[in-house]
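Take this structure, written in structure tokens, and hold onto it; I'll ask about it next.
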Amino acid sequence: MSRYLTNIYDTVNTLWTGMQITFRHMMNIRRDNVTLQYPEERWPRPERNIGFNHEDYNVIRSRLHVDIDDCIGCYRCERACPVDCIKIDTIKSERGEDIPKVNHTGVTSNGTKKGFVVSRFTIDMSECCFCNLCTYPCPEECIFMVGGPNSSKHPIDYEFSEVDRKDLIYQFAKKLTPKQKSGLSPIEKKAEA
Amino acid sequence: MYRDFGTIFVFIFIGIVLIYLPLLIQKLLAPNNPNPDKQATYECGEESEGSAWVQFNIRFYVVALIFLIFDVEVVFLFPWAIVFNELGLLAFVEMGIFLLILLVGLAYVWKRSDLDWVKYNVRYGRGRYSSLIPNTNNSKDK
Amino acid sequence: MTLEQIKNRLSDQFKSSIIKNENLAEHQVEIKGEDWFDVATFMKNDPKLSFDQLECITGIDTGEDGPLQTHYNLHSMEYRHKIEAVISHDRKDPKVASIEQLWRIGDWFERETYDMFGIEYTGHRDLRRILCPDDWEGWPLRKDYEAQESFHGIVVPKIKEEEGWE
Amino acid sequence: MGVVQGDQMVLNIGPQHPSTHGVLRLEVTTDGEIVSKITPHLGYLHRCFEKHAENVTYEQVIPFTDRCDYLASMNSNFGYVVAMEELMDIEISERVQYIRVIMAELNRVASHLLALGVYGLDIGAFTPFLYMLRDRERILDMFEYTCGARLLYNYMWIGGVSHDLPKDFVKICVNFLDYFEPQIEEYNNLLTFNKIFIERTADVGVIPAEVAISYGVSGPNLRGSGVKWDVRKDEPYSIYDRFDFDIPTGTGEFGTLGDCFDRYWVRMLEVTQSVRIIRQALKDLPEGDVFETMPKKIRPPAGSVYRRTESPRGDLGYYIVSDGTPSPTRVKMRSPAFTALSCLDEVSSGWMISDVLAILGSLDIVLGEIDR
Amino acid sequence: MENLSNYLVISSILFSLGLFGVVTRRNGVAVLMGVELILNAANLNFLAFARFGGMNMSGHVYALFVIVLAAAEAAVALAIIINIFNNFNTINIDDVSEMKQ
Amino acid sequence: MGLLENKFQDNVVVASLDKILGWARSTSPWYFQFGLACCAIEMMASAASRHDLERIGMMPRSSPRQADVMIVAGTVTLKMALRVKKLYEQMADPKYVISMGSCATSGGPYWQHGYHVLKGVDLVVPVDVYVPGCPPRPEALIEGLLKLQETIQTERPLTRKLA
Amino acid sequence: MTVDYLIELFSKLFDSPFVSFILAVSIAGIPLFVLMALNATVAVYVERKVSAFMMDRIGPMGQGPGLHAGPWGVLQTIADAVKLLIKEDTIPSSADKLLFKVAPFIIFIGAFLGIAVLPFSSVIQVVDINIGVFYIIAVGSVGVHGIVMAGWASNNKWSLYGAMRSAAQIISYEIPAGLSIIVPIMMTSTMNLQSMIEFQSGSIWGILPNWIIFNNPFSFLAFFIFFISAVAETNRTPFDIPEAESELVAGWMTEYSGFRWAVFFLSEYANMFVVSGLAAAGFLGGWLSPIPGLFNSPIWGLFWFFSKIIFLIFVMMWFRWTFPRLRVDQLMHVCWKVFIPIAMLNIFGVGIWKLIIG
Amino acid sequence: MADITFWFISALTIISAFFVVSSKSLLYSAYSLLVTFLGITALYVFLWADFLAVVQVVVYVGGILVLIIFGIMLTNKISSVNISHTSVQKGVGAVVVLGFLGALGYVMISTPWIQLPNSEPLETTRSIGRLLMIDYLLPFEAASFLLLGALIGATTLSRKDD
């Protein structure tokens, strides 16, 4: 009998404690509210140095970006990617020479002379697993999650949902027309020689 | 009395109409593309195995049985409660006897553990849900 | 007990069942497939060894011409020591006695290894595929596995359909 | 058995069901409310982790380990890198060790918070779940601050970690811990000591110690049954032997030893222990370079290793076989949730449907890890 | 509606229908439903006589008792049906009587 | 429809009714509580206090019959694909699908060697919005949902039905 | 009462009493329906907000493209309702079609008839029945059939489980509810809701309102038993096992979609309204103001009655978002082994109190 | 108007009662019984028995019918097509019952019923209460024993010996 009564007492008591907590939270909603009203408010993104030598490198993983002018076509990112979502094609070219008709600059902003025209640089963002592995080996630091070295140019965004899956395949290099390609082949031969 | 209950009677029809109208609107406006998969029974994405219309366990039934008895008792309480003030002690004693007898019934079914919804027969740990059936097989017998 | 003692105790009991193999690491013993069940029973029940926990069963495909292997990681909650037993199977007809009755978890581990490698555990009471669907073809983790082309009408693309990906 | 037996009804709980914690399917044979047999069907999330691991290099396995135990990716990573380091026999710098422990323990807290919250949800309490997610979110913020990802970090690398800690991390973390500790009290008042909750969990789904061991149940589930076994203490890896912490075990406080409440309660206590470890680690955190000990080329010698670590769900073992090439021959993950789930039929037949879901919730399974 | 015989007609029809059910149905529960109809018909009579007999409340009390009786009867009857079902796995009355032999 | 054919094309009443219906649909897209893998955790997180999907009118329903939006959150394996399809079919029209995360969109990290992974949920159900990410941050999911709401709003269900 | 006024009004306009009756009733019925709909929309909105606030979030805010749900999401539930109205109506092919369609009607009518007799104020009450209290209890028990029917007709296992549990639960909790609503009847000697409320006017020692709940300790207890049983009868947490999401998907409503489902929702909230109304009238002085003697005009009465109901509904929501749910056998345990014996003893207590103290 | 309603209700009651005894599906029978009970409730109202009308709803609809439906679900393999009940003696039964009905009707019509003048009572519950407490005290207490017996009997019967 006493157990019966203690049970009832316990029940009422503990339930009342719980109710007090929720009620407190309800009354203090102004203070306790943690909701981020997304389209209007955004979470402050932490900006910081990751230990490489970029100041302001943002570690947040959002969409990938390639500064194609800086890419030397070394395939390291493609090899590093665990899911094979980067696809690079290159055409050999004369080292360090600009080829204006395909918008190819010969020297990267770091001063490296390029030996290849990157004729195709495709990243399938619908397949990428945002592991960041491709960004580390890049010698030119030209592939990065946006918000990287030039975060002013590329603000971080998560908002890149699409209604068409094809739009999630990002082409960074200009597509070369067959004519342009054939135009490149003498250069290629020259470079090989 | 006629008027009150008549109103309620008419309310039944009003209720039917009020629900029927939106359903009609739904029929007109909403899409309707039935297909066999859609009309299949939902079972968490699996094919439903067998119909749900099987015999049900008796537990629900015993509760209904006991309920019925107490329901009748409650029915008796209402006229009594109305005249309670008028008749005072007499009514109290009478109903006291009535209630006591039923309390005896309740105690009886309680003791016989008919009120226990389920008789557990679990392999491990009996604790407070001890089963009435001695639990001999502790091993898995597939 | 140290690894050495465990091994000694085992070889005392089952001299003929232990296979000498230089490639094995220190914590491994290779055991003949036919004797595995007896060895396992002993390892579980021997009061000195008392391997009451089966940590893990790993199937290994050592390559096109090597054998299939099953590795059993055993652990004793009582003495807190452990050992790994290795059993090699013929690639054509991989078979070994099931230890499902000794360690209950063996049930699922063996099913998993069966599912992935097609190693048959004889005496298992319910040897079905566990991860793949029942009507799956092939043993996925074998090195020579070819993925299925289609499954119940869903065609599995082998290359990206986007134009010219490869 | 005396009463009329209704028809046996076969009920599919899952693959889509609010409380199967993912895509598990339980084929439940019931008689009325009583469950007589449960057949779990796995594999709805079989993502071929082991196949992938054989086809990518050692570093590239790490993102896939993330995705196995997605609630405790740090611990998943940790287990893998610890195993790899054992295989390659490399020494790690002190700072990395501390960072790893901090991260792993923070993730343990996060994972336990989710487990406890979802357990509350299974029992029907919605609010504590959201409170716990709220606090978990703060932990994720710290992870995000450190490595940029919220859920799947790819943070621990073989021989190091991918990013050093931010400069003000220690302050942020201590702040969080100061905020967090009083919250535990609130959870307890709101959920743990709620009589309804106790009634629903105590005495339900008892797993006796022998059964648990035989089923290979590990981690909080095993400790809930009263077995004092924690890889962090018993087979110390990384630098766990330097910290002072307890291993909480179930006591059967409100019911029988090894019931759902014990498992729940062990998790709750473990959260406090993890907080303790984090505090100690933060205090001792040395300076140093996190990339120092990272090997340039990862090409372990031929051989194999089996290493287990303590993930929030239990003994997480990695069996790695290497043949000297840059990609592993075989990576096997011994997932703790897999073993925990295997005893479901054994312990929960005889209980009612509601209990089965309570028991399932108390085992804290993650399907990604079970199916891999 | 201000006429006693109307009610009597209705109640007798109900009574006959109930009787019909009891006689022709072989399922125990169906028989019970027939019985309930009969009891209801009786109650209707009680109340009708009460009303047209000068609003004599005794009729109401009788009706109340009949309802109580009906409830008790239904409970016990259904329990018996369950019991029969337990033993013979059918509630078909004919089957049961056959099985007895 | 015979007689009425084409009478409703640019009827003001129909048009404004359409607007209201579109508004209602887009404002209360209840989502189907259906998580598959890691993405489901982020889905949970977006429903939780920090991001609170209920702000934009989304409510979880666990029965497909009452849900409007199916968020395919996670890896769809071949074993699961048939169930996903079935669940999709069992939802009452109008229904929408959001493919959340790389896995659902294309198989994601498991594209290459995942013998048991469905390479894109669009092979079995029609997808309205693809949300990339692995896992997509809650913000990304919300953004995808807002995009979906926009598309719903432009729908003209009545006009289509009557035409 | 309202109907009576209306009938008198119309009988001046029309000769036929039949016409005026039907007109009056319909005109009285439609506001009731509107009230139900309004109650459901507002209550759902409030519930979502309350639950959000309790969980440190903010609930519907109407964010989104275009005109969304208005500021603070006030139009949210309206949008939900409209959407449900234009959602496809699925009926499983293996279901029992007739019963599947009939069930929502039964459940709805059960709630609708209950709401009809609530005394909103001293003059506003659609129907004033002599035995109002008993009537509400009776009508409440009709809803069970709707639930069982819906669950059975769906031919779905979850539905069937939900329905059986629900039925067992509702019928069981009817007993403690009935036993404790006896207490106000004993005190007031009437089952008429209006006279019951009138009985409660005045004050105790000049401060407390003379409500039955304050009358004696036993009636205080009775109120709690009644209220909790009422929560159970309306299938709300912690007694929501019939539709327990984590167990039974959506319980007996699993197969229902679109407006049919909305009807269940509507009825659920209407039921909450009814039981809260009954509790308010029986124990909390109905439309009487909490300050004895002040603010007692009929309009104020409306306000008081509604605020009491809203308060009680709020408490139900509060319960729901705080507690875990009970298991089905514990639910029965609570009902049969705790509430029923206590409610019975309570009747003795009240009786003795009345006999001794008055 | 009241007359129309009366006849409508009577018709409804009788038709649904007919369904009860003739429907193929037991469950449909039970739900027809629901309509019958409600119809009878309405008839009670016509007979100025408001309390009993409500009692009818509470006990019959809310209690007995639930029990019956549970009974049906418990004892029938509802999934099997053969839910219905065979009724071989339908013809015989019909003849007997029709004869019986005729006899009843004859008696009823030929009896000169005396209708006393009456007026609508203000409150039936109070008088019922008084009668119960004073005149029918013994049956009242007996009823409690009856219920006790039914309770014990029913629960004992419904569980097989264990």
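Note that the chains take the letters A, B, C, D, E, F, G and H in the order they are written out, and that residue 1 is the start of every chain.
Here is the rule we use: contacts are C-beta pairs under 8 Å (C-beta built on N, C-alpha and C of every residue); 3 or more make two chains touch, one makes a residue touch a chain.
Predicted model, so just to flag it, every value in this text is computed and none were measured.
Participant: Taking each chain's centre as the mean of its C-alpha atoms, give the chain farthest from subunit F.
Facilitator: Centre of mass proxy via C-alpha means gives E as farthest from subunit F.
Participant: Would you mind telling me which chain pair, F-G or B-G, is linked by more contacting C-beta pairs?
Facilitator: Looking at contacts between chains, B-G has the larger number.
Participant: Provide the C-alpha centroid distance between subunit A and subunit G, rounded to the nearest whole angstrom.
Facilitator: Measuring from centre to centre gives 54 Å for this pair.
Participant: I'd like the Å distance between the centres of subunit E and subunit H, where a centre is the mean of that chain's Cα atoms.
Facilitator: 6
Participant: Subunit B to subunit H: how many Å between their CA centres?
Facilitator: 20
Participant: Based only on mean CA positions, could you tell me how far subunit E sits from subunit F in angstrom?
Facilitator: 56
Participant: Among the residues of subunit G, which ones contact at least 2 other chains?
Facilitator: In subunit G, the residues touching two or more other chains are 21, 54-58, 61, 63-64, 86-90, 129-131, 134, 152, 157, 164, 167, 171, 174, 191, 245, 249, 254-255, 258, 321-323, 328-329.
Participant: So which bits of subunit B are touching at least two other chains?
Facilitator: Residues 1, 5-6, 29-33, 38, 40, 42-46, 48, 50-58, 60-61, 64-69, 71-72, 74-76, 78, 81-83, 86, 102, 117-118, 140.
Participant: If a residue has to touch 2 or more other chains to count, which residues of subunit H qualify?
Facilitator: 2, 46, 48, 50-51, 55, 58-59, 62-64, 66-67, 70-71, 73-77, 79, 125, 128, 132, 143, 147, 150-151, 154-156, 158-160, 162
Participant: Flag every residue of subunit B that touches subunit F in the complex, lowest number first.
Facilitator: That would be residues 29-33, 35, 37-38, 40, 42, 45-46 of subunit B.
Participant: Would you pull the subunit F residues touching subunit D in the complex into a rising list?
Facilitator: For this pair, the touching residues of subunit F are 33-38, 40-42, 44-45, 48-50, 62, 64, 74-75, 77, 79-80, 83, 87, 109-110, 112-117, 134-135, 137.
Participant: In the complex of these two chains, what residues of subunit D are touching subunit G?
Facilitator: Touching subunit G from subunit D are residues 9, 11, 17-19, 33, 120-127, 130-131, 134, 190-191, 194, 196-197, 199-200, 352-355, 357.
Participant: So in the complex, the part of subunit D that touches subunit C is made up of which residues?
Facilitator: So the residues of subunit D touching subunit C come out as 42-43, 46, 48, 50-51, 54, 210-211, 213-216, 227, 229, 234, 303-304, 306, 308, 315, 317, 319, 321, 329-330, 332, 334, 338-339, 342-343, 346, 371-372.
Participant: Sort out for me which residues of subunit A touch subunit F in the complex.
Facilitator: Touch residues, subunit A against subunit F: 34-39, 42-43, 63, 82-85, 124-130, 158-165, 168.
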